[in-house]
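Here the structure is laid out as structure tokens; the discussion comes afterwards.
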Amino acid sequence: MSSGLRLDEDREYDSEGPLLELDGVSKHFGQESGLFAGLQFDASEFPPFSVEQERVRAVDDVSLEVRPGETLGLVGESGCGKSTLGRTILRLLEPTEGDIYFKGENLADLGGEELRQTRSDMQMIFQDPQSSLDPRMKVGQIIEEPMRAHDMLDDEKREARAKELLEKVGLDPRHYNRYPHAFSGGQRQRINLARALSVDPDFVVCDEPVSALDVSIQAQVLNTMEQLQREFGLTYLFIAHDLSVIRHISDRVAVMYLGHIIELAGKEELFENPQHPYTRALLESIPVPEPRENGSRGVLEGEVPSPVDPPSGCRFRTRCPRLIAPDTYDWTGEEWPRTRAFMRAVKRRTFEPMPAARIEAEFFDGTLPRGEAGSIVAEAIDLVATDGEADGDEADRWAAATDLLLESFAEASVCARERPAYELESGDGERFAACHLHR
Amino acid sequence: MAVSESQFEDNRETESEDDIEARVGWRYTAARIKADTTARWGLYVVTVVLFVAIYAAIDSNLSLLTFGVLSDYTFARLLPIFDHPTYIPSPGEGTQHMPPYFPLAEQPWNPLPAGGTLEHPLGTDHTGRDYFTRIVYGTQVSVFVGIVSTFIGLTGGTVVGAVAGYYGGRVDDVLMRIVETVYAIPPLILIIVFTVFVGGANIWYAVLGVGIAFVPVFARIIRSRVLSVREMDYIEAARAAGVRDREIILRHVVPNSFAPVLVYATLQIGVTILIVAGLSFLGYGAQPPTPDWGQMLNIAHGYMHSNVWLSIWPGIAIMITIMGFNLFGDGLQDALDPRIDD
Amino acid sequence: MSSEPLLRVENLKTQFFTEAGTVRAVDGISFEVREGEIVGLVGESGAGKSVASMSIMGLVEAPGEIVGGEITYKGETIFGLEEGPDGELRKRDDALSDEEIRTRIRGNEIAVIFQDPMESLNPVFTVGGQLREFIELNRGLEADEARAEAIDMLREVGIPDPEERYEEYPHQFSGGMRQRVLIAMALACEPSLIIADEPTTALDVTVEGQILELVDELQSKYGTSFVWVTHDLGVVAEICDRVNVMYLGEIVEQAPVDELFYETKHPYTDALLDSIPRPDRTVTELEAIEGVMPEAIEPPSGCRFHPRCPDAREVCKRVHPETRVVADADGEPHRAACVKHDAFDVDYEGSPPLAGATRETGDGVAEGTASELAPNPADDGGEGRE
């Protein structure tokens, strides 16, 4: 049934190697734009002008492989860089660094017309069903546009193919002459699918294709996408923030946090046995439609740091519930977890100023850690306590305590000093986890 | 839910199989204009003005392009114009068409403007030419000038604005800085300098000058629209599909950015008519004997005391024309505004 | 728990009068909220859940209008209609005036939290200033007292460093933090009831977790009741005590949360539960509900869900089921509007199944048929049946 729809069966790609391979791909954005963007004036230097901008590291040094025929799920919270990565792969955005090999050819080296030609092999489906279709074009024109751009078929055959595709995605071919506004959100996503498939691509980046849809429509569209994947032999990169959808549709899953891939594993492995504390926290925070399972809700503290100045080493370390103890001190028992909790409470100022004894009782159960660590903690408590001896403005004292604690403990941890990257063995082949717990 | 109302409406509109044009396209816009009283009256006035202009062009057997001949004052003065109002045998070369506003045979050369009679409802001008006929023929010049110069501004502005907005970055910076420089010069001064620079007072130079002077305005309007259209996913979808930039701009960016510019252009026709009239009044636009309203005003102001109507009639003509285009533009704005939803 | 519920909504009807016709957005719903309880209002977009919640607050805007029903809050009628002498509907005399609702009820007694916190906060004023003004206005406190109270509230909802952040503007807050500010604002006057309209939908999952945790905590501390409007069954399972499932302006099922998930009585709820991908287990094949929700202008005859219902029989086309008690869940009534239950004596068993219903015919229609490819793309035709 699909024979008529495959346009290029003769140039099947050798399915041994990966279809797509990313090697150290980064995408940074300048904060400013305009004629004088980033121009700095500094009278003390010569020349007094310099061009320097804050860079948002949306995607930072990402390497991964997509195998032919699979669905690789890319999941993360908003602002983690997953959509930027998807667009960078398709070269809709220029990669700042790194190589993107598609069927062995480095897309990062291509430009202009060559790049345009490759677009018939790679397509994209967008999140917003409203804005992804030109309101002034008829459905037929929309679906035929990619074919026209690549001079595929003649007018008549294009129309026939567009109608066939409409039927394939579950719409009425008679809707060929309709304008997009006449369709519901789910139907628009189907038109999107038909457009993407019109040039018979091998690889489709799906950027949150169902997140704007109602639950009952989500299921319909997801089912159609799976069916089309089988029929057209597609490879999907499926970007989503919804872990349930990712679990349903993916074969392997990559988790992103603040521009880094922090874990990549087979779907079952990842969901049943997450190896990164962030993945674990993410999985624990999803509300499960099981009222009887109201037990543990893993609540992650704090907020995602700014991608302009991301934390060194492991990017999750500032929120990680399992931040590794700095080995410059001796720790026993609960000393480190307590110190860690105290350090974060000071940093976020989550407690009211109180006397030193109460702080000790509240955070350390009355006994401070022994040795050097203990004296650092005592110094910090002195700074923030209401009966402390330190002078100065309250805000300054808190800042000093924060600096002291972070420098002595957080910055000394291996998590801050080295960027983690570990290949692990697992049931179905290798998996990747960026966490020093796997040292 | 309130939010689903538009959805309900969509559904309703698709109930009929033929109604595929709904909400976009010319037919839909035309229907909206028909429903809008302001736009309808504007449209009536514009239609009448256009009809008069076209009628004048056909009636005198002159193609629009022969204005250059007419502006040759010396040529007109040398012609034996007393023989026949419109029909002049030229020595040796058959016949020569002349416009009907030249003095009529029975009318003696009258150096002073005369008042209205049955034959000359608005009287005659200082050379004894029928004023009504000249006003009618003036329509042709004014409307033509307004439309052509607006079209020049619109085309130039669309190209500059769309390219700047779509590519952004350095291209945008450079283009928009040039546009702003032009924008910073008062238009009348810009046009006068331009006409003088390119070779003197001439209606064609004035038209071109006005067109160029308004490129920045259109460029800025279309650029701001393009900046928002550019962010739409369908632009990115077209890029991802491998559509060429040129085609993305022509097929997606411009059509979706065009509505506000179209409205502005309609309003702008009125403004350019006024500006060209002003230029002619100052002597930088149409030259006598071309019947241009501004130029007629220029001459008329020398006769303010003997016949004030000579100044009033062209003024009324200018006012009606501009009002027509403005009403139509306002109506069009409502018709094209997607937020106004019934 | 007193016998008189905190809020009782009876036969509420809200309609929008549009050129296309009358949209029956909310069509005769009844439910109640007791003290200290979180009641869910669940449904897909277009089900009328937001309109229902806005109707309670009297915040329905033209062309919408509440055309029927009665809303009682703490024994006082905050909305009621009666038939006037000339047959016109008019406000009942014992109902509170608009003025009273504005000054006494809104904010003080019933507060609202909206989905988009950026739209609820004014971007040109500081977060603290807005909170302080709100407290000043509603509780009649002096400016400096209100300020202290505002800072306390910010700390209460888990905003770190509240003194500093008091002076900041909304854009300096993240989405989750802004939602916390709104919760602080809603709680500021210690209302008895908070209507939360999809408050976590725009948030990331970890932030959503934080907010749900916070709501749990505050609820046990203040004993506030909630009407929680959402489309997310996961959230419902997490925090709701009792749930109302809405479909096309009507409540089709009403039950305690446990019964709703494990003793589902309405095919729509059932289908909804089957169609969602699960985070906790791998579902290989999703059982999608066919079609899309029809328009509320001309709802289907009989049971409004019958064109999409896998259990639909001939009788469902004819009989419009009222919500009735179909089971008892530890003293709590379990209501559903489906004629397949014995409470409806309409001979469901004897009625022939409808052609489109799939439960009997397996996976139903796979290939395109005439009925599937109906001319109107917005009806259930085009939306695929896979």
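Brief remarks follow.
In order of appearance the chains are A, B and C, and numbering begins at 1 in each one.
We adopt the following convention: contacts are C-beta pairs under 8 Å (C-beta built on N, C-alpha and C of every residue); 3 or more make two chains touch, one makes a residue touch a chain.
It should be emphasised that the depicted structure is a prediction, and the values quoted were computed from it without experimental measurement.
By number of C-beta pairs in contact, chains A-C lead all other pairings.
Taking the mean of C-alpha positions as each chain's centre, the chain lying farthest from the centre of subunit C is B. If you average the CA atoms of subunit A and of subunit B, the two centres end up 54 Å from each other.
Distance from the subunit A centre to the subunit C centre is 31 Å, each centre being the mean of its Cα atoms. If each chain is reduced to the centroid of its CA atoms, subunit B and subunit C end up 56 Å from each other. Multi-chain contact residues of subunit A, defined as those touching 2 or more other chains: 178, 182, 184.
Each of the following residues of subunit C touches two or more other chains: 45, 375, 377-378. Contact of a single residue of subunit B with at least two other chains is seen at positions 7, 10, 14.
Contact residues of subunit A toward subunit C in the complex are 77-78, 167, 169-172, 174-175, 178, 182-184, 186-187, 190, 214-220, 222-224, 227, 241-245, 247-249, 267-268, 271, 281-294, 297-300, 303, 348-350, 352, 395. In the complex of the two chains, the subunit B residues touching subunit A come out as 7, 10, 13-14, 20-25, 168-169, 173, 177, 232-234, 236-244, 247, 251-252, 255-256. Residues of subunit A that touch subunit B in their complex: 33-35, 87, 90, 92, 116-120, 122-124, 126-128, 131-138, 145-146, 148-150, 177-179, 181-182, 184, 192, 195-196, 199. Here subunit C touches subunit A in the complex through residues 44-45, 155, 158, 160-161, 164, 174, 176-177, 204-210, 212-213, 231-238, 257-258, 260-262, 271-273, 275-280, 282-283, 285-290, 292-293, 368, 373-375, 377-378, 381-386, going by the rule given at the top.
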